[in-house]
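Shared chain: chain A. Partners: chain B in the first complex, chain C in the second.
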Partner chain A sequence: MRTPVVTFILAALIGLGLLFGAGVENGPNPFITLGVMNGFVYGLVALGLVLVYKGTRVFNFAQGEFGTLGAYFLFFFLTKGLPYWLGIVLAVAGTLVIGLGLERVVIRPLIEAPRINVLVATIAIALALIGIEILIARIEPRSLDSILPALDAAGDPAGITIFGLTIEPQRLIALGVFGGLGGLLAWFFSRTDLGLAVLATSQDSFATKVVGIGVPRMSRFIWGLSAALGAIAGILYVPLTGTLTPAVMTVNILIPAFTAAVIGGMTSLPGAFIGGTIIGVVQSVGGWAGGHFTLGEQTWNLIIPGVEQAMIFVVLLLVLLARPQGLLGKEA
Partner chain B sequence: MTATDIAPPVDESTVVLPAVKEPTRWRPNTRGWAIRIAVIAALVIVLGVRLATLGGLWADHISQAVIFAIIGLSLNVILGYTGQVSLGHHAFVGLAAFVAAHHITERAGCLPEEGCQYAPMGGFAVAVGLAILSGIIASGLLGIVALRIKGLYLALITLTYGFFAVNSIFEIPSLTRGGAGMPAPRPKLLITDHRFMVFCLAALAVCLFIDWRFLASRIGRAVLAVKNSEAVAASYAVNVTAYKLMAFMLSGAFAGLAGALFAYRRQIVVSNDFRFESALLWVLMVVVGGLGKRTGVVIGSMFFALFPYLIDLVTPLSDFLANLDRDPEEFTLVIGPALALITMIISPGGIAEQIRPITNWLAGNRFTMHPDGGSHHKPSLLAKLRNRSAPAAEESS
Partner chain C sequence: MMFSAAACGQKEGVADQASGLTGLPAGAAVDPETGALIDPETGALIDPETGEIIDPGTTGGTTTTDDDEVASNDDDPETPSDPEAPSGGDATGVTASTIKIGIHAPITGAAPVPSQSFQKGKDLYWNYLKSKNLTINGRNVEVVFRNDEYNPSQAVTACREMVEDEKVFLLVGVAGTDQIQACAKYAASVGVPYVSAGVTEIGLESLPNYFAIWLSYAQQGPLLADLLTDQLGAVGEKNGFVWFNTPTFRDGHDSFTSAMGQKGAKVDYDKPVAKTAGASEAQAIATELNQRGIQNVHILTSPTFFIQLAQAAVNQGYRPQWVGYGLTMGIDTVANVACRNSRSIDNARFLSPFPAFVDSNKFDPNFRAAGGTDDIMFGLWGMSKVIGEMLKAPGKELTRERFIYYNQNSKPYKTGVLPDVAFNGGHMGGTSMHLMRADCANNRYVTEASFKRDF
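Take a look at the complex of A and B:
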C-alpha cells in the first residue's frame, strides 16, 4: 500500500523541517505549523471535490461556493437569534437542498454531455451563486463567530500553542471534523453497497443501468453529499478569517483545494488529506521564504508579491507535468 | 475525416443508368441576390448612420462591447476550435493592457502628471504591437503546457495561472504602479470616444477577417481535425504540435489586441479591473454565443457587455432596480450564468444556432429551418435510386 508510505515520508519531512527550523531566529516553525493547519481546511474542501470526481468524473467548480452559501445561511440564522448548533444544522440542510435542486435542474440534463460541458456548467453555477450573494448580501464584509470563542475567560487567546503558534479551538474542531468525515467517506466507498454503486456509476454508467442501479439516484446522492460537505467546510473556515464576503471560499480555498486533490490523485481520499498538507506547508513556508530568509549570519529580504498564489501555480504545474496521476491516484 | 468517408470503388458493371448530375449547391436567381444585397445594404446604412450620430457616452459603451467581442473571438479560438477551456483569459488581457500602458508612459515618456495629454502616434502603434506580442507569448506558453495537459486539468491550470498573474505579476509596482493604476493616454487622433469607437470597430473587422481566413484555410481544417482526434489527425500527417500552438497564439494575439484597447478605452489600467469573475463570464458569453461560430460569439459578447446599459434603457426595470438600491451591472453575474445554463441545456448551439436561418439566407442560401442549413441541394428520390450503386459518394458531397 502506498498510502502509509507516503504519509510516513511526508510526516518525516515535516518533522525534519521543524527540527532544523528550531534553531533559526524568526524561523519557519510557526509557518510550518500554520501550513499544516491550513492544509486541513484545504483537505476538507478537497474531500468534496474528490467525492464529485469519484462519483461523476467532473471537476466541481461550485464546491467553494457551496461553502460560502453555508456560511451565509449560518450568518442569517444566527442573526435570527437561533442557537449555534441549530444554525449549523439548518445551514447544512439549506445548502443540501440547493445542491439537490441544482443537480436536478442543471446536472441531470447534462448527464450524457461531454465532461467539459459539465465543467462549464459548474462554473456557471459558481458565478450565479456569487452573483446572488452579491445581490442579496451586498459586497460589505460581515463577521461570523467561531463555534467556541477564540479568547478564553481571562481574555487570552484560547487553544494550544505549538512551535510559537497558537492554534484556535476552531482549527482543532476543523481537524476533528476533517478526520471523522474522511474516515467515514473512506469506509463508505470501500465497505458499503451504496458506495460501490456510486463508483460503478462513474466507471460505466450503461453497465450500471444494466445491473439495475439507478444512475440519476446516484447523481442526486453525490451532489447532495458534496453540497453538505462544502457547507461544513465553509462553516468551519469562514470564522477563522473572521470576514464573510461573497465568493470568499472560491477566492481563498477552491484553488488550493483543487491543487491538493490533484496532488493526491483526484480519486484518493487519503490523497486529499496528504495533498492538502503539502499545499498548506509549501504555501506557508513559501510565504515565509519570500518575505525574508535567514541562514546563519545572512538575511535575505525578498518581497515577492503574491508568493502564495505563485507557489500553488508552480506546484500544480510540476505535479501535472511530472506525475499527472498524482501521488496516490489510480488513473490520470 | 474518418476512414468511412472515403467512397468505395464503384463497380462499373452494376451501374445501369448514367448518374444524374446533381446541382451541388443551390444559388438564388438575380432577383434573389438583389433582395439580399438590398437588405444587407439597408442594415449597413441604418447601423452606420446610427453609429455615426451616436453620443459620446454610448460610443464608449459600444467600444466596450467591441472589446468584449474581440475577447470573445479570442476565447472562441481556444474553446471552439481546439476544444480546450481557458479560465485565465483575464490574465492575458490584463498583461497586454499593462504592457500597452507601460510602454506609453514609461518608454515613450508620455506621463500625464508631467502635462502630457496626447500619446505620440508612433509610441501608440508600438504599444499596441507590444501588447499583441505579449498576448502571443503568454498564450503560446499556455499552448506548450496544453500539449501535455488537456481537458479538465488544463482548465484548472489556466485558472491557477490567472490567480497567480493577478496576485503576483499585476502587483509589480514598476509595471502596474500598484493599486493607483497605470495611465494610458490616447493619441490625439483618437481622443474623442467616438473616434476611438471607430478604431475599435476597425480592429474588430480585422480580427473577424483573420478569424475567417484562419478557419477557412488549411490551418483551420487541421486545427479542427486535431480537436476531433489527435491520433487520427497525426495519422493524416497533420502536425499536431504546430497547429495547436498556432491556435493558441492566434487566441493570444486577439487577447493582446483586446487588452491594448481595454487600456486606452479607460485611459488607465487598474489591476482590480481583471478579476477571475470576468474571465469566467467571458467563457460563458462564448458559450451563449455559440461555440465555434464567430457571428454568434460577437453578438453574445456584445450582449453581455451592453446588458447593464440596455437595462437602463427600459425605464420600469431601471426604476425597479433603483428602488431596490441595486446596480444593473450586478445583475450580469446572475443573468449571464443563467443564460449560459439555459443555452447548454436547451439549445447547445447558442445564439448562432437561433439566427442561422437568417445568416444562411443572407449568405445566399435558401431560407430554411433545416439543420443542414439548406446549403446543399436535397437529392431527389429519382437521383437517389439512380445513384444507388454509389451511396457513399452522395453523402460526402
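Take a look at the complex of A and C:
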C-alpha cells in the first residue's frame, strides 16, 4: 500500500514543480525532465543492487562494473562489424557469464562467511574488473554508438522535446526498457516460485535448505541476473555520455544508484526506481538552482561548490532521519 | 666550444630538414613565428602547403636542425662564464656520461592519455640524439617515468620515488594542474628543479626551483579573450565559462573573466563544476547553456568531462563555439572520440603549446623521422627539446643550483616546436601559443595559427 502512496506523492511533487516552472524564463522544467530521465538509469542500477541485497544481504560494489563490461563488450562486437542487436545480445550474455563466473569463484566460497567479507569481496571484484578493462581496452576514451542516432540526417535532434528538453531516442529506449524491466522483476519476485525462493533464501538460508531450495542455485541466479541488469544499464547509458572509459559506470552511476537504493529502501524494487527518480531530480534541479539563485551578488554554486551534491545528501539525511529503513524498505 | 642554442637565420643542415617536404625548396628552414618555410637563398617566407611566397623580403627566423640542436657532440664544452653564478652544488642524477630526469603524468584518471604514447614518447628525443651521436654537454639523458593517476597525493608519491629511489636530477610535470602544483612544492622542499607545463601560477611562481615552459593559465586568459573578441565575435554575443572548481584554476578563471571585461565582452554564464562531476552534471550544464543561449563556451575541466558535455550539448542540437586553454583538450585523442559523437566539437579551438601532429613535419621533420607517431609524442618531443636547452645552459658543470641560476638568467630558447621560452629572471617562461582547431572531418586537430602572442 505504501508504494502507490509514495509514487503518487512523488509524481505530484514533480507535477507541481513543472506547473510552477512553466513560463518561467530559464526555469527548472528541462531540469526536472532531465532528472526524471537520469533517475531511471540510477533506478536500474539500483535495481541490481537491491536484487543482490535482497538475495544475499550484501552491497554489491561491482554492480557498476557489470555495466562498464557490458558497454565494452558491445563496443568490441560493433568494431567486429556485428549488427547492433546481436552485439547487445552477446554483450549481455558475455557479462552474464562473467557474473556467473565471479559468483562461482569469489562469492560462493564465502556464502557462509560474515557479510562484511562478501562486501569486501565485491569491492575487490570491482577493482579487478577496472584493472582488466585498463589492461585490455586501455585508458583512452572510446565512442560507443547509440542504438538510434541522436541527430537526423540534417543534423537536427532526432528526439522529442518535453518541457524544453530534447530527449534523445536512446534515452527514450532506455526509459522503456527500464520501466519494462522494473515491472517484470516486480512480477517475478511476487508471483513466481523462483522469485519467492530467492526472497526466502535471503531471509533464512538454513530453512530454505531444509525445504529443498538450493542456496548455491539461488546465489548463482541472483548474480547472473544482477550482471545482466548491469550490462543492460551500461549498454543503454554509456552512449548517452559520449565516453566509454574503464570504470565509467562506477564513476558516474554507482554512488547515485547506492543513494537511490538506500532512499528507496534496500529491499524494495519499486523503491529503487523511486529513489532513483528522487536523486535524479534533486541532482538536476539542484544544479539549476545553484546557477539560478543568488545570495548577495553571487550565485549559490559560487558560494557552495557542488551545491547539487550537497542537496542529494541533505535529502538522503532527511529520509533516513524520518524513516531509517528507506521510503519503501521492509524485511524481504 | 660552447654551442649556441638559439640561432637566427640559415644554418648548416637545414637542407636536411626541408628535404622531405614535397615541392619546397631544398634547404628551406621553418619560421617558428608563422610556420612558413624560409628560402635559404632569398630569406623569403614560403607557404608550406602551396609553395607560394608569403613575404619576399623577410629574413631571419629560427629552426632546429641536427647541427643546431641543443645537443652537441663536443666532449669538452665551455662552461659559461658568469662571476655571479654558483659554483658546484648538488649533482644528484648526473654522471660523467648521463643525466637522469623524472617525468610524471596521468595515464589513468580523468585526463586519460594513451599510455603507449607516453612510454614511447618520453625518451624519443633523447634516443634520437643518441642515434645521431649528439649529447648534452657530453652526456646522454635517461628518463624515469611515473603515472600520477591524475591525483595530487599519488603525484607526490611518484615524485618522491623518483627523487629518493631513482635519484633523478630534476622532475618534469607534463599535465594535470593539481598534480603539478603538488609535485612542484615537494620538489621545492627537497631542492630539486621542477620543469612543467604551463598551468596555474598559484603557489608556483614563488618556488625558486620551478620553471613553466609555456604560458600559464593566467597568461593564457588574455590571449583566449583576445581570440574570442577579435576573431570569434564574442563582443555582443553570449559567453560562458565552465570550469572545475579547484583552487588551482582560480587564477586562470580570474584572468579570463577580467580580460573579457577589458575587451568589452561579458561572461554571461560562469559555472564552477565539482572535479568529481560526471555525465549527469554534464547533461544538466549542457541543458543550462542551451537554455540561456550561450554561443561561446570556455571550458576548463578534464577532457573526459568536456567530451561528456559536448556530447550532451550536441544531443540537444546545441553546438556552441568551444574554446579553452592548452594542453589536454587539444590532443587528438579528445578529437577522435568527440568527433565520432555526432562531430560534437567540430571547429572547437584550443590554445596549445605544440602544433598538431598532422602539421608536425612543417615544424620539425626530425620528429617523424625519429619514429614519432602521434601528438602526445610530439608534445613530449617539444618539451624534451626545451629541457635539453635548459640542461645545456649551465655548461659541463651541471648542478641543481647552477641549473636554476642559469635558466632564470638565460637568453630565450628557440626550438621550433614549443614557443620560445624565456624566464627573464622569473619562473614563467612561456611567450606565445599555437591555436588548434578540431577538424571533425578527419577526427583530429589541425594547427590554425602558430606562435601567437595576440590575435
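Everything below uses one rule, namely that the second predicted complex is superposed on the first by the 309 of 332 C-alpha atoms of A that agree within 3 Å, B and C clash if a C-alpha of one lies under 4 Å from a C-alpha of the other, contacts with A are read in each partner's own complex, and residues count from 1 in each chain.
Just so it is clear, a contact is a pair of C-beta atoms (placed from the backbone, for glycine too) under 8 Å apart; a residue touches a chain by one contact, two chains touch by 3 or more.
Source: prediction; values computed, not measured.
Overlap between chain B and chain C is detected when the two structures are superposed via chain A. Look at A:F59: by the touch rule set out above, it reaches chain B but stays clear of chain C. In the superposed pair of complexes, A:Q309 makes contact with chain B and with chain C alike. In the superposed model, A:N117 lies in contact with chain B only, and not with chain C. Once chain A of one complex is fitted onto chain A of the other, the partner contacts of A:N252 are limited to chain C, with no touch recorded for chain B.
Of the two partner chains placed around the shared chain by superposition, chain B is the only one that A:V106 touches, whereas chain C remains out of contact. After overlaying the two complexes on the shared chain, residue contacts for A:I134 are found with chain B and with chain C alike. Once the two complexes are overlaid on the shared chain, A:S143 sits against chain C while remaining clear of chain B. Taken together, the two complexes place residues 134, 251, 305-306, 308-309 of chain A in contact with chain B and also with chain C.
Across the interface of their complex, chain A is touched by residues 107-108, 112-116, 245, 269-272, 274, 276, 278-285, 287-288, 291-292, 303-304, 307-308, 310-312, 314-317, 333, 337-338, 340-342, 344 of chain C.
Against chain B, in their complex, chain A makes its touches with residues 58-59, 105-106, 109-110, 113, 115-117, 119-121, 123-128, 130-132, 134-135, 247, 250-251, 255, 258-259, 262, 304-310, 312-313, 316-317, 320-321, 324. Residues of chain B touching chain A in their complex: 83, 85, 87, 145, 148-149, 151-153, 155-157, 159-161, 163-164, 166-168, 171-172, 276-277, 280-281, 283-284, 287, 326, 330-334, 336-338, 340-341, 344-345, 348. Residue ranges of chain A in contact with chain C, taken from their complex: 26, 30-31, 34, 38, 134, 138-143, 149-151, 155-157, 159, 164-166, 168, 237, 240-243, 245-246, 251-252, 256, 280, 283-284, 287-288, 291, 299, 301-302, 305-306, 308-309.
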